[in-house]
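One chain, subunit A, links the two complexes that follow: it is found with subunit B in the first and with subunit C in the second.
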Partner chain A sequence: MFTEFAQYVLNGLVLGALVALPALGLTLIFSVQGFVNFSVAAQMTVGAYAAWFAGAHLGWSPVVMLLFAFVVPGMLGIATDRLALAPIRRQSGAHTALMLAVVSIALNLAIENALRFLFGSDLNSFDLPIERNLQVWGLSVGPQQLRNLVTALVIAVALAAFFSLTRWGKAMRAVADNTDLARLKGIEPRNLSNLATFIGMGLAGIGGSLLAIDTSVDPSTGSRLILIIFAASVLGGLTSLYGAVLGALIIGVAGEVAMIAMPPVYQSLTAFLAILFILLVKPTGLFAGTAGVRK
Partner chain B sequence: MTSYLLFIGTIAAIYALLSLGLVVSWGQAGMVNLGLVGFFGLGAYCSTLLTKFGAPIGLGWVAGAALAAAIGVGFCLLTRTLRGDYLAIVTLGFGEGLRLVELNERWLTGGSDGISGIRAPFKDALGELYPWFYFALAWILVALVVWVLSRALSSPFGRALRAVRDDEKVAAVAGKDVLRLKCQAFGIGAALFGLAGGLYAHFTSYISPDNFAVQLTIYIFLAVTAGGYSRLVGAVFGSLAVMTILESSRFAAEFIPGLSAVQIASLREFALAVALIVIMQLRPQGVFGLRNERAGSFDADTATSAAVVPVPSK
Partner chain C sequence: MAAANTARAQSKKRNKGIVMSKFDRRDFLAGAAGAGSLAALWPRALLAQGTQPIRIGIVIPLTGATSQFGATMSAAAKIAVSDVNAAGGVAGRHIEVLIEDDQSNPEAAVRAARKLIDVDKVVSIGGSYASAVTSAIAPLCYDSKTVLFTSSGADSITKTPHNGYIFRTSPTVTLQGTRVGQYALELGAKKMFFLGPQTPFAQSYIDIISKLFKDAGGSGQGLIYEDKRASYRTEVDQALRTNPDIIVLGGYVPDTSVVLKDLYRAGFGGKKIGYSFGVNQVLADGVPHEVSEGTASLVPSASEDSTAYRTLIGKMGRSAIDSYSCQVYDHVVLTALALAQAAVTSPSGTAVRDAVRAISQDAKGQKVSDVAQGLKFIADKKPINYDGPSGPLEFAANGDVEGVFFRYEQVQKGKMTLLKVA
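Let's turn to the complex of A and B:
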């Protein structure tokens, strides 16, 4: 019984580590630009296809493949941001943030369908050799899942270093923490928005490619996870980067543990229920201050 | 050909009802409902299941609308102290979550097979005339809703809603019950989505979770934006325009050689998504722009939402 429970928790952590990357991306973009960019989901799929193309077609090594899966959605993210979202940001009306959210959903649909046009609706797998699961203390975990976990961890550490050591990283944290104060200190949030978009979408792309390596990729790979990503981000308070990681781990574990009582297809529903629960109990999210949530 | 035109004409009327609902909650009161397809599906399944167990179809429609309205008001109350984004996220989650339930509770909804053989009103009695009857019924309903809403929105209630949309704090200071107004507007919107769902289910006599995917939300947002997002006439015009684009692109795609069915479908959806983005950029006020609805010199378009910078008085 205990082993079974521990197995669910372990699976949850593996899933949570994957979801943490796009959730970080979403949170980063929200912090700097002030709106929920729903197109992270489609950018996950872009990253997954980039990795699939680099790995299964061109035969690149895994590290270069992941780098490719970071850069392609990052660049595409900046391009779509410039083309689709920036002109609407400039209107700066009373409901710009919501307009941007609506447009980003349309953008998500557009990217998803562009991928479907190019690659078709079929599932594409990476054709990796099948490996035996590792068994430790009665727990079972796939080698690829372990590698994903480690990759996500390495990226999280690299990000933490970027945000605490570099000038750009500190500026971004300042903007996320208090936009007005950052502007007073001479940081122009608009200049940071391209960098935030690049890193955010790139993170989503890596998350998507890790997921695809473990399972497979089709045009809806990212969109299926949209609720889980948002739940993770909302759980963390939408502006807290550490909150997003913890939120993703919590959602991952909660979703897996809930499978004891619920069929696995309802994993997204647990995420939705988690959002409702958080809004009822602690509307500001678990890890952030009150700024930016209350109207 | 006539039956095809009647079919898409009726569907256009259902889109118009959805668009009218969005105009009330989004255009007039400023609340985004990203899960409108969820309320639409709720109305459809509620009415279908009720009539399956012998309830009259009219009762099914009312029940579907009432259930959708109740849930809409519930979400409104839940997010009452939060920024608008949260209502959008919750409704989006509701739409997706409901689709999962529709897909997986096979004992109730038939899963991905859907429910077929939904009862149609007076179908046996009318025979050949039935499509004409339903077409007329749907458009009479649209006309009725437009009439009632235009009365309501030009009354003090409508002015108060627009005040809430433009600046909640000002409306509250002026003594308006902001929460109550928001709940009413969002509830009316959700009720219309639910009603449209019931109308849809008994028209096509078949529903499945595929009918209630997120694409429909985008279509309705496109319709409302194209028509002018605060205007009732714009909603009707926009849904006719979207239906025309949707159906004509079906024929246009056949002229492009060498495309598979999947590619044609994805190209059409891509085009509609891009159309929404372009319209929002170039003409956010739509074909029918804002009409003499604002009081005083306050200009909603130049005010900043975050209330970071105070709006200078003009």
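Let's turn to the complex of A and C:
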């Protein structure tokens, strides 16, 4: 019974680590730009296809492949942001954030369909060997899962360093914590928005490529996860980067563990419940910065 | 497509008209209703003179989880149209198919069917594939007296009060489930576990196959999961805890590929068997060979020894095609032949419904596998019995097709290999 439980927790952590990267991206973009950019889902898929193309067609090594999966969605993110979202952001009004979210959903569909046009609807697997699970203390875990976990950790640490050590990183945190105060201190949030979009979408891309290495790539790879990514981000408070990671891990573990008591058909319910719970009980999220939800 | 665009352009023009003349809403509605009834009368008068094509709707998955046959289905439908039109059409009128993408999604399918029925006034809708999609659009069809030809399996579809407006050209779930269960037993399995997503037929599969196993002294269980997920590790763990010696895969291609990978990673050494919508060449191409190796699959078989089938694959320029695309071809041909047989001045779904059996299963009719020949016989008032590339097309009273064959296939080194047809 205990091993069973531990196995579910482990499965949940592995899934959570995958979700953490796009959730971080979503949170980062929300922190700096003040709206939920739902096109992270399609950007995950863009990253997955970029990595797949680099790996299976160009024969690049896994590390370069992941870098490619970061840069391509990052650049595309900036391009789509300038093209579709920036014009709306400029005419700020009461409904701007909502408009932006809606346009980002449309953007998500557009990118997904562009991918479908380019690569077709079929499944594509990476040209990587598939390995049997390792057995450790009665728990089974795949080598690729462990690599994904480590990759996610390394990236999270690198990000933490970026945010606490560099000027740009600190400026972003300042904006996330309190936009008005940051502006008073001479930080112009608009100048940070390209960088935030680049890193945010890049993170989504890496998340997507890790997911795709584990499963396979098709045009809807990313959109399958958008609900739990959003839930993780909301749970973490939408402005807290650490919150996004913890939120992702909690959602991942909760979803898997819930299967002990609940039919697997209702798996997504945990994400819905998490969002509902947070909105009702602590709308600022579990780990929001001191200023709480951005206004 | 062109017709749809014109319709859209017309409605746009109409909208513009409203803005400019500043009609009162009530006036406009009255006017629109008048225009609507006019529009309903108008084409009929025109149709009688043979100026307007007869429209047939096709709702197929070009995208989404069930899209693997979408492209060939669409090609087959187009070939059927050109075959009928090359033979002079139906009573001097050409036919036109309007192909809509259901996105493997019932909600999108309903929108597509609404448009086909309300705007395009199609006489029949063919193609519908996923059972969830068919279940969603079936009431729209029989309520509007539009014939629905479907390639879906869920038994519930022909149990609806459809008044004869539904014809199913694919074997039912009960039949498919029974065959898969029997084959699993033939393979020597004793403990079956079914893993599949929530679909209208998942629970039936579990019940049918488990019963077969219990009757044979074995055991059977199942788990229905949520599809479109990133991983099925926990589901696979739950399945393997029962120590099954065969796993029945009830999902479509995207989730089945992930489940198969998770089964491989977990070191499952038993047998795997699935259905053609989940285990097929698209799946075999999408996963590493060692993951799919040995997975068996049951595919409703097209009438592969027939002239109709060979002619169709020749026209498509392929060495073989799936049974579903053959069925879509037949959906169009059955509509055309039935309308020719009915010989009515205003083609309708009811005319199609009433004449389908006369042209497809008349024991005294001349066996025909070529639509041009069929149309000619009908013009000469000779009875025919059409056998298409998908099969002999004999329908039971409830609309289910009778007498279907299955291909038993197995993935061997990444290729679907035929074991037998039975």
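Basically, the second predicted complex is superposed on the first by the 283 of 295 C-alpha atoms of A that agree within 3 Å, B and C clash if a C-alpha of one lies under 4 Å from a C-alpha of the other, contacts with A are read in each partner's own complex, and residues count from 1 in each chain.
Everything that follows uses one rule, which is that contacts are C-beta pairs under 8 Å (C-beta built on N, C-alpha and C of every residue); 3 or more make two chains touch, one makes a residue touch a chain.
Small disclaimer: the values here were computed from a predicted structure and weren't measured.
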item	value
Fit or clash between subunit C and subunit B when superposed on subunit A	clash
Contacts of A:Leu181 with subunit B and subunit C, given as first, second, both or neither	neither
Which superposed partner A:Leu146 touches (first subunit B, second subunit C, both, neither)	neither
Subunit B versus subunit C as contact partner of A:Ser121, first or second or both or neither	both
Partner chain in contact with A:Leu280 - subunit B first, subunit C second, else both or neither	first
First (subunit B), second (subunit C), both or neither touched by A:Val64	neither
First (subunit B), second (subunit C), both or neither touched by A:Val265	both
Which of subunit B and subunit C A:Ala84 touches, first, second, both or neither	first
Which partner reaches more residues of subunit A (counting touched residues only), subunit B or subunit C	B
Partner chain in contact with A:Val154 - subunit B first, subunit C second, else both or neither	neither
On subunit A, positions contacted by subunit B and by subunit C	116, 121, 219, 263, 265-266, 268
Subunit C-facing residues of subunit A, complex	4, 7-8, 11, 14-15, 18, 116, 121-125, 129-133, 140, 142, 211, 214-216, 218-220, 224-225, 256, 259, 263-268
Touch list for subunit B against partner subunit A, complex	30, 32, 34, 78-79, 81-86, 88-90, 92-94, 96-97, 100-101, 103-104, 165-168, 214-215, 217-218, 221-222, 260, 262-263, 265-267, 269-270, 273-274, 276-277, 280-281, 284, 300-306, 308
Residue ranges of subunit C touching subunit A (in the complex, touch as defined)	63-65, 67-68, 70, 198, 223-226, 228-231, 233-235, 237-238, 241, 253-254, 257-258, 261, 264-267, 282-283, 285-288, 290-291
Contact footprint of subunit B on subunit A as seen in their complex	34-36, 84, 87-88, 91-99, 101-103, 105-107, 109-110, 113-114, 116-117, 120-121, 179-180, 219, 226-227, 230-231, 234, 238, 263, 265-266, 268-269, 271-273, 275-276, 279-280, 283, 292-295
